[in-house]
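The letters A, B, C and D name the chains in turn, as written, and every chain counts its residues from 1.
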Amino acid sequence: MRRDGRIRDYPEAITVEEVIDETPTVRTLIFSDDIMSSSMPGQFAMVWVPGAFELPMSIMTATGRGRAAFTVRRHGDASTALYNIRRGESIAVRGPYGNSFDVRRGRLLLVGGGTGLVPLMRLVTHTNPDDDITILMGARTADEVFFDELASDLLSARRGAGSGNRDDQGSSHSTGDYNCGAGDYNYGTGSEAPLRGRVIVTTDDGTRGKKGRVTDILDAIVDCSAGGKFDAIYTCGPEVMMYKIVQTASRHGIFVQASLERMMKCGVGICGSCAAGPDIVCKDGTIFDGRHLLANPEFGFTYRDKSGIPTSW
Amino acid sequence: MRRDGRIRDYPEAITVEEVIDETPTVRTLIFSDDIMSSSMPGQFAMVWVPGAFELPMSIMTATGRGRAAFTVRRHGDASTALYNIRRGESIAVRGPYGNSFDVRRGRLLLVGGGTGLVPLMRLVTHTNPDDDITILMGARTADEVFFDELASDLLSARRGAGSGNRDDQGSSHSTGDYNCGAGDYNYGTGSEAPLRGRVIVTTDDGTRGKKGRVTDILDAIVDCSAGGKFDAIYTCGPEVMMYKIVQTASRHGIFVQASLERMMKCGVGICGSCAAGPDIVCKDGTIFDGRHLLANPEFGFTYRDKSGIPTSW
Amino acid sequence: MRLDGPVVLASGILGISLDVFRRLHRSGAGAVVTKSLSKSPWTGYANPTVIGLDNGGWLNAVGLSNPGAQNFADMIRPNREIPIIVSLVGSTAAEFEYMIDKFDECAVVAYELNMSCPHVAKVGLEVGDDPALVREIVGAAKQASGDSAPVLVKVGLGSSNYLDTVGAAIDGGADAITAINTIRSMAIDAELQRPVLSNRFGGLSGAPIKPIALRCVYEIASRFGDIPIMGCGGISNWKDAVEFILAGASAVQIGSVLGEEDVDIFGRINTGITEYMERKGIDRLQDMVGHAQRR
Amino acid sequence: MRLDGPVVLASGILGISLDVFRRLHRSGAGAVVTKSLSKSPWTGYANPTVIGLDNGGWLNAVGLSNPGAQNFADMIRPNREIPIIVSLVGSTAAEFEYMIDKFDECAVVAYELNMSCPHVAKVGLEVGDDPALVREIVGAAKQASGDSAPVLVKVGLGSSNYLDTVGAAIDGGADAITAINTIRSMAIDAELQRPVLSNRFGGLSGAPIKPIALRCVYEIASRFGDIPIMGCGGISNWKDAVEFILAGASAVQIGSVLGEEDVDIFGRINTGITEYMERKGIDRLQDMVGHAQRR
C-alpha cells in the first residue's frame, strides 16, 4: 500500500517565528508550515539544525492557521542546538512521519512525562467535547512542570466544550489532588458540574501536585475511576514508565497505546536504525497498541545504539 | 507554464484489436488506450513498431469507449512496418503531443489530403450539430479515396444533429458535385432541408467526384459560399497544398489553421528536429494559424532532413 | 545459492534485526542481505544521513553504521529458516577473512562483498576501483568461506570502469555479481546555503537510478555471459523487476521502495512476476533471464 | 566570455535553428549552446531516439545527428546579437581544428568540446576517458580558436575518473568546464521484451540526475578552485539553479526541462535567481558562486 497523505521527504527550511520558554530547559519553537500543521496526533518530524544534527521531534500544536511547533528539552548536542535556535533563525523540517493515535471516544487517560507530553497535546485537540479526559503529567520538580496550563486550555477549547471547566482547571490543575473516597474518583475542586477534563501533576520531590511519579498513582486513578472504566489510555515518555503503564492498563483490560522512541535516521522505514524487535518504529509506529508491545521482546528493555547494538535502557 | 493534461512520455505497449483496410495502401489500426482516446483533435502520438521505427501519427477516432486508432499509409520502411501490424500484435505509443485545433462555431471548411484527413475526422467529432461543415478531400484516384463515408457518418452522428443529412450524404458524398449558380453554393442533392454537413471528393484523374486537386476548386467553394462566408478553414495534408489553402483563406480574410508535418524525434520540444523557422512544430504546433504561418520563412518551402539540413519540399 | 524467491532485500535496508528479517521473509522476501558489516562496530555519520528527494529518489550517507561482524553473527546464529546473505565491507583481504570466520556457525546462504559504497573512505568503491585488490579480496573470501557459501561481489559506478571490477571479481572466483550500489551524489539547500547530508556526499538510490542500473545489468550480462547477476537499483514494482530479469538478472534486490511502500511489496512483486510469466507463457523464471539481450 | 544571463541552453536541445535561438534569447537565455557539430553531417540513429520516463527523466540516443560544421556555420554567420556557444564533437585534434576554422567569420562566444556523449562510438566519452587525448585536443582547439573565443570542455561520467578528464582539459588550456552530460542508461520494455531505444543505450537526463550533477560541480570546484564551471544536469527551476551556483557553477545550462515547460522557463529561472539574491542580500551572482563549499 502506497503511503498516502502529504509527506515531504526533503527537509524544507522554515523560520522560527516565536520561542516560548516552558521551563529553564524546555522551549517551544513556533513556525508556519502547512504540512506539519495538518499532521495527526503522535506524528513526528525530522528536524535539521543546520551545522548541527537532525533529530526526530514530535509535532506540537500551535495556535494560528498553518502553524506548528516543536517543544525541545535541552540535553545533548543536538537537542541543545535546537533549543538555542532563536526567533528569525531557520531550521529545516521533513515529515510528518509515523502513524498516529487511535483516538477513541469516552473516558480517556493521557499520561506523559517531559517532552512526551507533546504528542498528547495534539491528541487533546482531536478529542470531542463530550469525551472525559484526564491528563496525568509527571516532572522531577515544580520548575520542570510545563504544558499544565496549556493542557487545561486545550481541554476547554475543544469545540463546543460544554462545561466551563476552564476556570476550575485553571485553579485546580496545579494542585494535582485527587480523591477516591467511596470508590469515587473526583477531581479536587468540588465543583458539581460534570467535568470533562482534568489535569493532574506529579513531581518526584513533591514541590508541585502529588509527590511521586505518575506510575505511583496510576493504579489508584485507574482503580477508582468513578465515571466508569477508562475507555483508553495513551502514553508517551520514558520507556520504563510506559512499560508500567501498559502493564497496568492490560491488567485492567483497558485499551492502551504508547509512543516509542528509538534512534532514527531515515524516518521512513529504510535504514532500520529504529528497529525494536520486529517493529520498524518510525513507520509501523511510533504508536503501538499495548497488546502488541507486550509481545515485543525489546519493549521496556532494550534499544539499539548508533551501531545497531541492542542496549539496555 | 507546466504542460497540463494527461500525457504519457514512456511508450506503452498496446494491442491492435481491429484492422480496417481503407484503400489498398491505407489501413486503420484500432486499439484501446484511455489517454489516446481522450486526446484533442489534431494531436499526435509517437508510435513505435518494435524492431522497426518510431513514427509520428495523428490520433484517429474509433468507436467504443476508451478506443483510438491510427490510419497509416504504407510508404517507406517505418510506415510499412506499422501498416503490416496485424490484429493481436503489439505496438507502443506515447503522447498525445502537440496542440489542437481551435474549433470555431458556424460554417467550417475542412480540407484534407490523404492521411491528413485523420485529424480532421476527430475535429468533426468536436463540432456542434448547428455547425455547417464542408469537408473537402482529395485523392489521386478513386481507389485511394477513404474516410468519405466515415466523414458523412461522423457529420450526422454529431450529438442531436437535427437535419437528417446522413442519407443525403450517403448518396451524395461520392459524387463530389457542387453548384455555384447565382452565387449560391449548394450541395448536389437538391434537398431543401438545411444541410449541416457535406463531403466533397476530388480525384486527380477524375475517377471519382470532381476531377482535379482540392486546391483547384477551393477558390470556387470559398467564393460561392451561399450560406455566408466560412468562419474557419482547417487543413492537413501535403504542405504545398496547405500553403495554397492558407493563402486563399487569407485573401478572403477567413480564419485558417494548418497542421504541419516535420521530422520528429522527441515530440516534446527537446530535440529540435522538427524546427520550422522559429517554431517548434511538435510543441508550438503542429497546428498554426495561417497568419502565423505566412510569417514563417520555411512554411511551404523547406523542411529539415534527419541531419537538420533545410531541404526543399 | 538458496533463495526462496527472486525478490531479495538489499543491503543496508532494515538490515540489522533478525526479527525484522523474519517479517520480511514472511512478506515474500526470497532472501535478505544484511547491513554491510565491518570488523568492529561502526557508529556511522551524524544525521542528516538519509533524505528523500520527493521523486522516488533517496540520498543517504549513513556511513555504514553497523554492529560489527561478531555481534551480528551472535544475533543470527539461531536462524535456520531465513536465507540470509551477509554483506561485508572492509579494506583488506585479512579483514574479510576475519569476518567470514565469525559466521562459521551461522546458516549463511551467501556473502556479498560490498565494493561499491560511494561515501566511506578506504572501503566500498575505493576497493572496487582497484581491480588487483578486488581479485585478492575475492580470492581470500572464497577461500575463507570454502564450500559453505557462495561469494557475491556488489559493484557500482566509481571512478574506474566497473566492468573491470566485475572482471576482476570473476577472476578472483566470485560466484555472482550484485549491481548496482547507490551513485555518489549530493544535495545542497538553497535557503540554508550548505550541503544537507552531514557527510556532504552520499549515495543516490531509488527510481532515479533505475535506467542506469538496468544498463549495468545488461552490460555485465552481455560482457560476461554466464555469471549470475542480482539486479538492484530503483526497482519499485513487478514491471521494474521483470525489466531487470530481461536485461540479464537472475534475481533482484529492492531497497528504497520500502520508504514508500509497506513490506508486503515483496509479495506484490512476486505475484506480479508470476502473473506476467503466466500471461507470457513462460514456465521458469530462468527462461526469461537476459531475454532482452537477444532483441 | 559574453553571456547575457546565467541561464544557458544546453547542447542538443533545440539547437539546430537560428530562428529558434533568437526566440530562446528573447525568452531569457543568457547564451545558447548549439547541437554538437561534427566534421560532416550525421543523420543519427533511427527512432525511438528520445523517450520520457514520466518522472522528469528523459532518455536519449539521438546519435548526434547534426548538419555538420560547415552547414551550421553558414546558418549562423549572419548572427551578431545572440551569444552562441558552438558545441563540437570529434575523435582527433585535426577534426576539431578543421571545424573551428569553419566558424572563422561567425560571432562565436565560445566553443564547447563535447567529450562526454555516452552513446556514440569513438567520440564523446570515449575521448573524455583518455586524458592524454583530451589534453591534445584541447590544446589544438585553443590554438585554432586563438583569441577569438574561449574553449569549454564538457565532461560526464564515463569509465574513468571524470576529475582526471577535467585535469587534462585544464592542462590543455581549457577556459572553463561544463558538467555534466547525460549518464549512460537504458530502458527495456517488459511487454515487448526488448530495449526501447533503437541504439539500446542512451543518456539519462532531467531531474533524476540532478544530485549526481550537483556533486560533480561541487567536486570540480573544490578540486580545481578557479576554473569557471557551467553546471548542467536536471535543472528544472530557479532553486536548482541556485544550488548549482552555490556548489560552484558560474552559470547553468538547462535542457530536458524544456520537455515539460515552455521556453519562458529561461525568464522564470532568471527572475527566481534575482529574487533570491535580493532576499539574501547578495549583490552580484559571483558572490554566491561556490558558497556551499565553505559550509
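Structural remarks
The criterion applied here is as follows: a contact is a pair of C-beta atoms (placed from the backbone, for glycine too) under 8 Å apart; a residue touches a chain by one contact, two chains touch by 3 or more.
Since this is a predicted model, take the numbers as computed values, not measurements.
In summary, the chains found to touch both subunit A and subunit D are C.
Using the average of C-alpha coordinates as each chain's centre, B ends up farthest from subunit C. Per-chain Cα centroids separate subunit C from subunit D by 33 Å. Chain geometry summary: the mean Cα position of subunit B and that of subunit D are 39 Å apart.
Subunit C has its Cα centroid 53 Å from the Cα centroid of subunit B. Residue positions 51 of subunit A each touch two or more of the other chains.
Counting partner chains per residue, subunit C shows two or more touched chains at residues 53, 187, 189, 194, 295.
Viewed as a network of touching protein chains, the structure reduces to a simple linear path. The complete set of chain-chain contacts reads A-C, B-D, C-D.
Partner subunit C is touched in their complex by these residues of subunit D: 53, 55-57, 59, 157, 159-163, 183-190, 193-195, 200-201, 204, 207-209, 211-212, 214-215, 218, 239, 242-243, 246-247, 276, 280, 288, 291-292, 295. Remark: subunit D residues 12-17, 19-20, 22-23, 35, 41-44, 46-54, 58, 60, 62, 65-68, 71, 187, 189, 191-192, 194, 196, 198, 255-256, 258-262, 264 touch subunit B in the complex.
Against subunit C, in their complex, subunit A makes its touches with residues 1-3, 8-11, 13, 46, 48, 50-51, 53-55, 78, 90, 92, 94, 264-273, 275, 277-278, 280, 297, 304-309.
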